[in-house]
Amino acid sequence: MAVIPQTEFQRRRARRKWMGRAFHAMCLLSVCIALGMLAVLLAYLLIQGITGISWSFLTGFASRHPEQAGIKAAILGSIYVVVVAGVVSFTLGVATAVYLEEYAARSKFAKIAKINIANLAGVPSIVYGILGLQIFVHSLHLGKSVLAGGFTLALLVLPIVIVAAGEAVRAVPPSFREGSYALGATRWQVIWHIVFPLAFPGILTGVILAVSRAIGETAPLIAMGALTFVPFSPDSPLSRFTVLPIQIFNWTSRPQEGFQEAAAAGIIVLLVILLMMNAGAVILRNRFQNKWD
Amino acid sequence: MQDQGPILQTRGLSVYYDTKKAVTDVDLDVARNRITAIIGPSGCGKSTLLRCFNRMNDLIPSARVEGQVLFDGLDLYGHDVDPTEIRYEIGMVFQRPNPFPKSIFDNVAFGPRINGFKGSIDEVVEKSLVRAALWGEVKDRLKASALSLSGGQQQRLCIARALAVEPRVILMDEPCSALDPIATLAIEELMRELSEDYSIIIVTHNMQQAARVSHYTAFLMVEEARVGFLVEFGESRQIFTNPEDERTEAYITGRFG
Amino acid sequence: MVRADFDRNLEDLVSELFGLGEMVEKAIVKSMDALQRRDLAIAYEVVAEDDLIDEKRFELEEKCIDLIATQQPLAIDLRTLLAVLHIAVELERMGDYAEGIGKICMIIGEDEPTETPQQLDQMARMGVAMLQRSLKSLMDRDIDLANDVWDSDDEVDSLYDSVCHDIFVEMGEHPKTIEAATHFLWVAHDLERIADRATNISERVIFLVTGRIGRYKPPESTG
């Protein structure tokens, strides 16, 4: 004996069906728009800049003449600064996350700290530049150097690493911790042997995000004194420097057509470097992730 | 170290989570080289009681323990007692098998390694796996991931892991509830073998398992007024054929509530 | 209510056990009646009806085994099922003794003039009373009542001694009655066994209630 008459059922089924299809279509449309915009951007870049990529471009220094423009200094500067930022933010970020999630877990202090850290992620990046200028460049006498730039960016991306690392540490199943405590492990042994290896893929994700953000930053580095015209390679941690985004920005503000091409070529180089770094980190992460499940 | 008498004793043991009481005033003697089962309805505090024996309740910030837990006469909650030291003597196996995501070998070797063991790790691993009745099945693939084992094998691996640090007591918190019946019987068989050399305390909600496997049984109960108090303790033979307390009888004949 | 089905099954089982008890009681009374009146027709009925008693006992046994296998009984449930199992066997044996008396009646024949010893009737009445009492003690879970059955058993035993003595004397004085007398001896033996079985039933009732097998020993009192 039917509780609801047949006809009622039919109508609902039909409506559910077409709603399902409509939703599916909407999602598909969104994907197309997003990917489409990306594709257009890449196409434009490639068209504009692919001709500019040459060995002399990659190994030459900037010059007033568009045909002789090279981004060697910018590439090196970017890599050095990002490596410093990556190492510093990784170390500080992981230590902070481990402390907040393991040692101080559930304390009031940890809650307040985590809220503040999350908020720091929203601070405009130029503020970090000014902070870097004051602290690293002047107070610590590092000058407007690669090191100062790296530290400044480290501060900028630190919240990203802390949040990602914190989530990765939290995601380690409590059963593994319990199992190791039950075997007589001390707290730091549990963290070092169990939590850290398991959280590593997640931490690496955080570092990838951080580094990707850092490599594209322009304003804070200009604020702490990065150069825009660098006819030499940075040869020490304390030397002056420039980075790719700044160099690119510099070229786009020049009137000559040749510099526009150079800028596009520079963006391609930046994207390639970014992709290579990401790919490397993803490969590393996959290596560690396989052991989990 | 005494050779006679109970290996573990509780005197007036109570456990609080903040202000909520979970275990009330338990006096229990755990026999040496025997299997003691703790049974009772859900929420009666059996696991909480079990975790007092190896101070795993220390890991829960809101947990507070009152009373005494004596291990061969030594008060486990005394001032200068280090919880991590206790856990080498009193090991634990959990409800869901929790082998680390490492190789079988590294799992068993974990305990000795973090303990600073200086002898032959290979020997310890083999001995433990033999004693846990798992050696034959894994001796050719010690480097394989522990997670490639079946549920029953994983639990035996966890037992081997616990044995590797040479405890005197093994605590088991519903060790078979995540396993199929055949794996369960294998673990029960293993428990009987192990009880010749170790003292075992098992928490179980499976009456028949408690009857099959244990020498002594403690029945914990929860009422409106009291939580986690000991109703009856005695030889399992007695408890399951002719218990003294009618609450015990009501529980084991399934006529509770 | 938890385990309502199982409870119902147990209750039904115990009721059926009482049913078997009633059948056995009737058989004993009937067999003695046949003997007193030398009524072969009734004796024949008793013998035939014993098959029903046997059937009922096997039925009860099967149900007990079923419940033991499927319900994992513990404590009181386990003891109840085991008690039912044992008591059913005792009752069936008692039925066999009643059948035995019926068969003897048929052998003695309608025309046997020798008087039936009057102790036999007494023994039979006491045996039936003991059966009733032991089953009542089961119904009420009354171990004091179960204990009383032993006292009656002592009486039956002395009646047995007495009737045996009388029969032996009779055999000595009147050799022609030896055949009939031997038959009466058998009847006496059967009735003594019936009383004995009733005490076995009481034993099982005490086991059910206290978990201890054997005669209930009340706590030591002075003197």
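We call the chains A, B and C, going by the order they appear; numbering starts again at 1 in every chain.
Note that in this section a contact is a pair of C-beta atoms (placed from the backbone, for glycine too) under 8 Å apart; a residue touches a chain by one contact, two chains touch by 3 or more.
What you see is a predicted model; the values in this text were computed from it and never measured.
Novice: Centre-to-centre on C-alpha atoms, which chain is most distant from chain C?
Specialist: Greatest centre separation from chain C goes to chain A.
Novice: Would you identify the chain whose C-alpha centroid lies closest to the centroid of all protein C-alpha atoms displayed?
Specialist: Given all protein C-alpha atoms shown, the central chain works out to be B.
Novice: Using CA atom averages as chain centres, what separation in Å is found between chain A and chain B?
Specialist: Taking the mean C-alpha position of each chain, the two centres sit 47 Å apart.
Novice: Report, in whole Å, the distance between the mean C-alpha point of chain A and the mean C-alpha point of chain C.
Specialist: Centres of chain A and chain C (C-alpha means) sit 93 Å apart.
Novice: Whole-Å distance, chain B centre to chain C centre, using C-alpha means?
Specialist: 51
Novice: Considering the complex alone, what residue numbers of chain B touch chain A?
Specialist: So the residues of chain B touching chain A come out as 54, 56, 59, 61, 84-88, 91-92, 94, 96, 98-102, 110-111, 114-115, 145, 147, 158, 161-162, 165.
Novice: Quick check: in the complex, which residue numbers of chain A touch chain B?
Specialist: Within the complex, chain A contacts chain B at residues 106, 173, 175-176, 178-186, 189, 193-194, 198, 291-293.
Novice: For chain B, which residues count as touching chain C in their complex?
Specialist: Residue list for chain B touching chain C: 207-208, 211, 240-243, 249, 252-257.
Novice: State the interface residues of chain C toward chain B in the complex, per the touch definition above.
Specialist: For chain C paired with chain B, touching residues are 2-3, 72-79, 210-212.
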